[in-house]
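Look for chain A in each of the two complexes below; its partner is chain B in the first and chain C in the second.
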Partner chain A sequence: MVRGTNVYGILRAPRAASTEALVLTAPCTEGPRNNQAVGLLLALAAYFRGQIYWAKDIIFLVNEHDLLGMEAWLEAYHDVNLTEIQSSGPLGRAGAIQAAVSLELSSDVVTSLDVAVEGLNGQLPNLDLVNLFHAFCQKNGLLCTIQGKLPRPDGDSLPAYARSLQTLLLMVLAQASGRPHGDHGLFLRYRIEAVTLRGINSFRQYKYDMTTLGKTLEGMFRKLNNLLERLHQSYFFYLLPSLSRFVSIGLYMPAFGFIILVLILKISFWGAGGPRRGQDPSPPLLPLPKDPHRPHHPLPVISRQESRPGLLALVPPVLICHAAGLALYFLPVLGQRVATQHFPVSEAEAVVLTLIAIYVAGMALPHNTHRWGVTGGSDQGWVTLKLVTLLYLALQLACLALLNFSLGFVLAATMVPAAAAVRPTGPK
Partner chain B sequence: GGMAAELLLLLLLLAAGPGPGPGRAQRDALREELLLSPLPAGDVAATFQFRTRWDADLQRGEVSHYRLFPKALGRLVAALGVRELHLALTQGFWRTQAWGQPPLQAPAGAELWVWFQPTVTDVDKAWKELSNILSGIFCASLNFIDSTNTVTPTASFKPLGLANGTDHHLLRYAVLPREVVCTENLTPWKKLLPCGSKAGLAVLLKAERLFHSSYHSQAVHIRPVCRDASCLAVSWELRQTLTVVFDTFASGQGKKDWSLFKMFSRTLTDACPLASQSKVYVDISPKNKEKELLEVSPPPTSVHEAVVQGDKRTYAVYDLLSPLLFNTSRSLNVQLKWQRPQDSSELPTPVLHAQRYVSGYGLQTGEISTLIYNTHPYRAFPVLLLETVPWYLRLYVHTLTIITKGKENKPSYIHYQPAQDRRRPHLLEMLIQLPANSITKITIQFERALLKWTEYTPDPNHGFYVGSSVLSALVPSVIAMKDVDEEQSPLFTSLFPSSDGSSYFVRLYTEPLLVNLPTPDFSMPYNVICLTCTVVAVCYGSFYNLLTRTFHVEEPSRGGLAKRLANIIRKFRGVPPL
Partner chain C sequence: VCTSRFWFNYRHVANTLSVYRSVKRLGIPDSHIVLMLADDMACNPRNPKPATVFSHKNMELNVYGDDVEVDYRSYEVTVENFLRVLTGRIPPSTPRSKRLLSDDRSNILIYMTGHGGNGFLKFQDSEEITNVELADAFEQMWQKRRYNELLFIIDTCQGASMYERFYSPNIMALASSQVGEDSLSHQPDLGIGVHLMDRYTFYVLEFLEEIHPASQTNMNDLFQVCPKSLCVSTPGHRTDLFQRDPQNVLITDFFGSVRKVEITTETISLDSDLGGFESKLPKEELATEPLKYAEQLPVAQIIHQKPKQKDWHPPGGFILGLWALIIMVFFKTYGIKHMKHIF
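What follows is the complex of A and B.
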């Protein structure tokens, strides 16, 4: 059981009716990872208090336990119950939140400022917020990075392209993991545009102090304060090879489409005629009239009759696969509850042990279930199974790419070649 | 004809009675007053009230000689059959929890509520005309008031002046949450004052300093009152109020000492010559009984004690009409100094305050939640809640839940009028009993509608406003309040009629809400038109060609002019032709 406390204050804008708000948050964790951010947050709060130009309330939030505290605050603010977090305490409110910035600083001088955009399940904030950050960094002469990589050198040289590609691949991997890379990731579900800014102190000559950082944040907040509408003009789906360039969904979706096209072509090729040349002795479609010594020639009528029970025989493998998926989804949670009650293991250990148990059982699956399979009969059966499986895979990858493009792309790039090329060999 | 003229003459003579001569118009009197109340945390609230009382009956007979009462409003009341008019323009939100109970609160934006005379036959037509005329007088966009934001409350808005019979079909209420208040609204408001902004308390109303504040609210209230204690005749009263809250940090530069010059960058030099009473009240009530919290200078002409909103309060009074005041210096600059810092135990908790917000996320559904706090330690009292929700948030009344202290609380009176798309908003009025020392949560779920694509405003992603809800309650007071004589007591005690001495009337407003509706991609109509036209053009062209194109052989041409000339020259030369 984890307990924590969030502390926040609201700066009320003069002559505003508390309809809109902005959030500046600094996660407060033990250890040196984020021990300077709260100081900067308080200094900004004291400075913002004396200004007359605020039109939106500003909420300054310090949350404990990183993502847990952030989720608890967001659920309490929006009065929803998505996880089992319970919170209590009097709640001051400031209307609808328009944008949020999360700050992480581990030293009081920084050499560069890193921005993290990937959120929960690969959701991204509006590109305008990233552009805003980049514009203000350039205005204040601050060095800004993304994915921890320096900006690409100018020109069309190979090192420049290599660095862009590296940054892009890092972003794809970060988005595919589905893990929010900063506290901002939890705001995105509520359609609140948010980014995390991290101050990095590395071994460089030129260091920036808190004044520059404060000026950058003040500039960003003033711009967000002046917004008349929620950020919606720029892209919500993009990939960033560097801070000043982006790849929009219209450019990267066709790449994924081509990968799926491989599967579709394979399906249509096999579905139309079946394998023309195969190492397995597949029965010919037309009976050869010159072979009277093989009375049990499968005639085309017979082969067609054989494929029909083949369709029914597809059901067991599909059901078993679905059962394995459901087991992987539900059993770890159930196993955790049962195991912690009866055995002296911690929750994390229980989940890991359950997963290992499921995998071990899964490895024995082909041995146990192949006798129910399709390949006991004809050789045509596995073609039908493969067709159905490829279709299913294509549909699932397409749906997944719509939700989290990077995850869909990574899975497609690894699974499609394997799925398309594989054939069953060995005893049937 | 003749009868009316006789009646008019009789009335004139009666009114002129003890006056200085026959033929004099009806008596009118102006009282002006400024109330300075320091708020917790060092802010200060200044409330101006200008009251013009006219002993004439605007409804009956023609009055043509307007002296102190502004002619624009007088003719409006007479022509449209208005019995009571209340218009408020506010920017900001009164933070009840931090600042205490407001003397008069108004919702953010523009609020207009009007009681019409029973003689008015078409109330909606009169309402529309009235809002358009007021829009012109006050330079505010009140012409946006139409049937989609007008409601007819049944219980929340009782007449504040004289009334015989209250048929609520004569009442109309509308609020525009998106209105802002600026100098264009202040100037016509100041012009309605008898002295304008040239003399008296109104010289302090300079826009440059007034808009450098945390809260600004200006209002106009017109109502009929009893002329005297026997209440045989009717007088008309016009009250113009302006409330402004100055913030320590933004306008005070962090120091908590206030003065008139610091707040308004002006000082008072004299009273309005047309005013019969002109006073400045400063709230110097000691918060705990030991010591004075505030020191005022120059020393006040008198000290007044009153029970206001359930508290015993002490006021330092500066009478601008008394000759003693301007003896030593020509201008009056009231200064407030804090003698000792406030501690948090002195912060007052208002007995009734409320909060409203939208729960849920996404663009499909949501929930409006209202929290009402009753902090009285042992007394329970009922509160009337009025909610007006625009039609595009479709409320589901079967999801209405009221929970107090973990148990369900059934309201004793509910009036619900469902919305009609594009014609009428939702109206929900409830009488809820609040137990002592409790928090009541009222929730109702709604669904967001998709508007037609021409109905969206140019900034649809800003969101759509839901006006503030109104809470009206008779709050029990600890100290018994005596019945006050209206002429002798300060103006700020006599706006709301008190029914008995044990409770006082409070009207509170909650925050307005901003909700996002699902917006379509507005570039799609253009895309669809381009695509369709291209497809139609290409397909139609191809089909037409396929269907109607025929081929025929072409005769070779005989040659042009140049060729014929060349052939003629060749014939002369004897060479074969081309």
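What follows is the complex of A and C.
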């Protein structure tokens, strides 16, 4: 049971109706990870209060317990109930939130400012917000990075490409994990563009103080203030090899499409009966030896239609796989309570151990259940099962790539070669 | 007329207000000016200097002042209202300040600014006025004798396309750019954060600042304002519909309210035998019946015409095909022997 308190203040725009708002938030984490951000937040609040050009209200938020507090505040603000978090209702409201910036600073001088864009389930803010950050960093001479990597100054050489590729792959991994890399990730579900800015204090010589950071943030907020519409002009789906370059969805989806194409080709291959279409490479099932003591039985012509199992026989394996998936989804959480009562394990350990147990049991499933499966193991049955599973895999990966491209891509890159290389045969 | 709203179109409001200011300075009163502004920049919450609209960098010149009278504001600036003002087809409840009370001796100056394209001008981000509509509105004005001479200035992208379609007499037109060119803005102000004026209007304003009510500058000088080196776009003008030579047209004919007043110090005595003047009218004038108002206009000829006889054309392919189909179906069903009953 986790309890917490969020503190927030609203700076009302002096001459505008409070219809829109911007949010500046500093998560109040324990430890030294974020002990300077609140100071900068308060300084900016004091400065913004003296300006008269605000057309949107500005909300300054300090949330406890990072993501939990952020989610609680967002749910209370928008009056929804997505998770089971209970909160005392919102005490003050400021209109529709247009954009949000989350600050994480661990020291009062920084050598560079890092931006994190990946949000919950791989959602990303509008690319315009990243461009805005980059533009203001350049204007104030601040060093800014993404994924903690600096672009190399020599733009077109091989090491520079390698570094861009490394940054890109880091972003793919970060997006595939589905974990929000900063408090901003929770704003994206409400279609509020948000980024997290992290101050990094490395061993570089040249350090920037809070004034430069404050100027950059002030510029960003003034620009967001002048906006008349939500950020929608730039891309929502992109990958960033560096802060000044991006790969849009139109360029990276074909790569995924080619991987799925491999699956489709395999499907059509096996769907046509596989290599059995022309000649018969595998030996016939029951080779009748030419025994002079037995009468001649003509070898049955093995045609494509021979002993093709009905689709009904495919249902058990599919059902069992689905049951295993459902077990993986529900049982760990259900079993965690039971496990903590009876075993001396913590809740996180209980969840992980249940997961591992179900995985190991699942690996033994084909061996235990294949005799309920397709016609006692005929090759034709296995081919049909393979066909169905390939189709299923292709559909699942395509849907997954639409939701979280990186996750779909990573899974496809690992699963498709394995799925395509395996040849379905019965137990020998 | 300023046709665009939103904070980043600050410069269009500043353009319009600058021309308004010049025109007022040269003597035209507010009752003779219809000012249409599509958005309120002075009181916009994003304006760091509230109640001001600047047209110069470093905020030298506040064109808003405290004697600006906006007749059509914000959402009242629509194509319909604009055309109604021009043609005079206004509901009777409209106040006098919102009407164009002109007659056939008035010279009218129309200045429009905003975003435009090839053949249209965008009003309020949701509708457009085309050059054809504008030309027809001017023709209506001509037929209703609502102007003597008309000067049309437009500062938008591809502005020259707006005056291509004019066909009424006594119109002179100026535009800030040709078809295919964009009109560019002059300078951004770093304190306010937006561009303050468009180039063409900026140089026109500089030109107008030197005009005083007695100046004799003529239209040819206005045509020279803002050459391509300063304006990047090529300003254009159209004078073929105008009856006088632009050389002889004073700027103050349109921009100022100047009466031809000549002050004399000697007395002029009026003769007492002016009363017999009327008898000198020729008596052999034809007694014409008094013409009704509507009959003076070309519309009368159209109304009293007889409908023209249309020439007879043979039936087209469709009708022929349809009848051929019907006949074919008829003979297919009932057999060919019925043919001889037809003929």
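Note that in this section the second predicted complex is superposed on the first by the 378 of 428 C-alpha atoms of A that agree within 3 Å, B and C clash if a C-alpha of one lies under 4 Å from a C-alpha of the other, contacts with A are read in each partner's own complex, and residues count from 1 in each chain.
Here is the rule we use: contacts are C-beta pairs under 8 Å (C-beta built on N, C-alpha and C of every residue); 3 or more make two chains touch, one makes a residue touch a chain.
Being a predicted model, the structure only gives us computed values, none of them experimental.
Undergrad: A:52 in the overlay: touching chain B, chain C, both, or neither? Say first, second, both or neither.
TA: Both partners, chain B and chain C.
Undergrad: Under the stated touch criterion, which partner chain does A:2 make contact with: chain B (first), chain C (second), both, or neither?
TA: A:2 contacts neither chain B nor chain C.
Undergrad: Examine A:222 and indicate which partner it touches, taking first as chain B and second as chain C; both and neither are also allowed.
TA: The answer is second: A:222 touches chain C but not chain B.
Undergrad: Between chain B and chain C, whom does A:230 touch in the aligned arrangement: first, second, both, or neither?
TA: After superposition on chain A, A:230 lies in contact with chain B alone.
Undergrad: Just to be sure I read the superposition right, which of the two partners does A:364 touch: chain B = first, chain C = second, or both, or neither?
TA: So A:364 meets neither chain B nor chain C here.
Undergrad: After superposition on the shared chain, which partner residues are touched by A:16: those of chain B (first), chain C (second), both, or neither?
TA: Touch status of A:16: both partners.
Undergrad: Give the label of whichever partner, chain B or chain C, reaches more residues of chain A.
TA: Residues of chain A touched, chain B against chain C: more for B.
Undergrad: After lining up the shared chain so the two structures overlap, which partner does A:93 touch, if you call chain B first and chain C second: first, second, both or neither?
TA: In the superposition, A:93 contacts chain B only.
Undergrad: For chain A, what residues appear in both contact lists, the one with chain B and the one with chain C?
TA: Dual-contact residues (chain A): 14-16, 51-52, 228.
Undergrad: Can you tell me which positions in chain B touch chain A when the two form their complex?
TA: Residues 91-93, 95, 108-109, 177, 211-216, 247, 249-251, 254, 355, 357-363, 367, 369, 459-463, 465, 511-516.
Undergrad: Which of the residues in chain A end up touching chain B in this complex?
TA: Checking each residue of chain A against chain B gives 12, 14-20, 49-52, 78-80, 93, 95-96, 189-191, 228-230, 232.
Undergrad: Given the complex with chain C, which residues does chain A contribute to the contact?
TA: Residue positions touching the partner: 13-16, 51-55, 222, 225-226, 228.
Undergrad: Across the complex, what residues on chain C touch chain A?
TA: By the definition above, chain C touches chain A via 6-8, 43-48, 50, 193.
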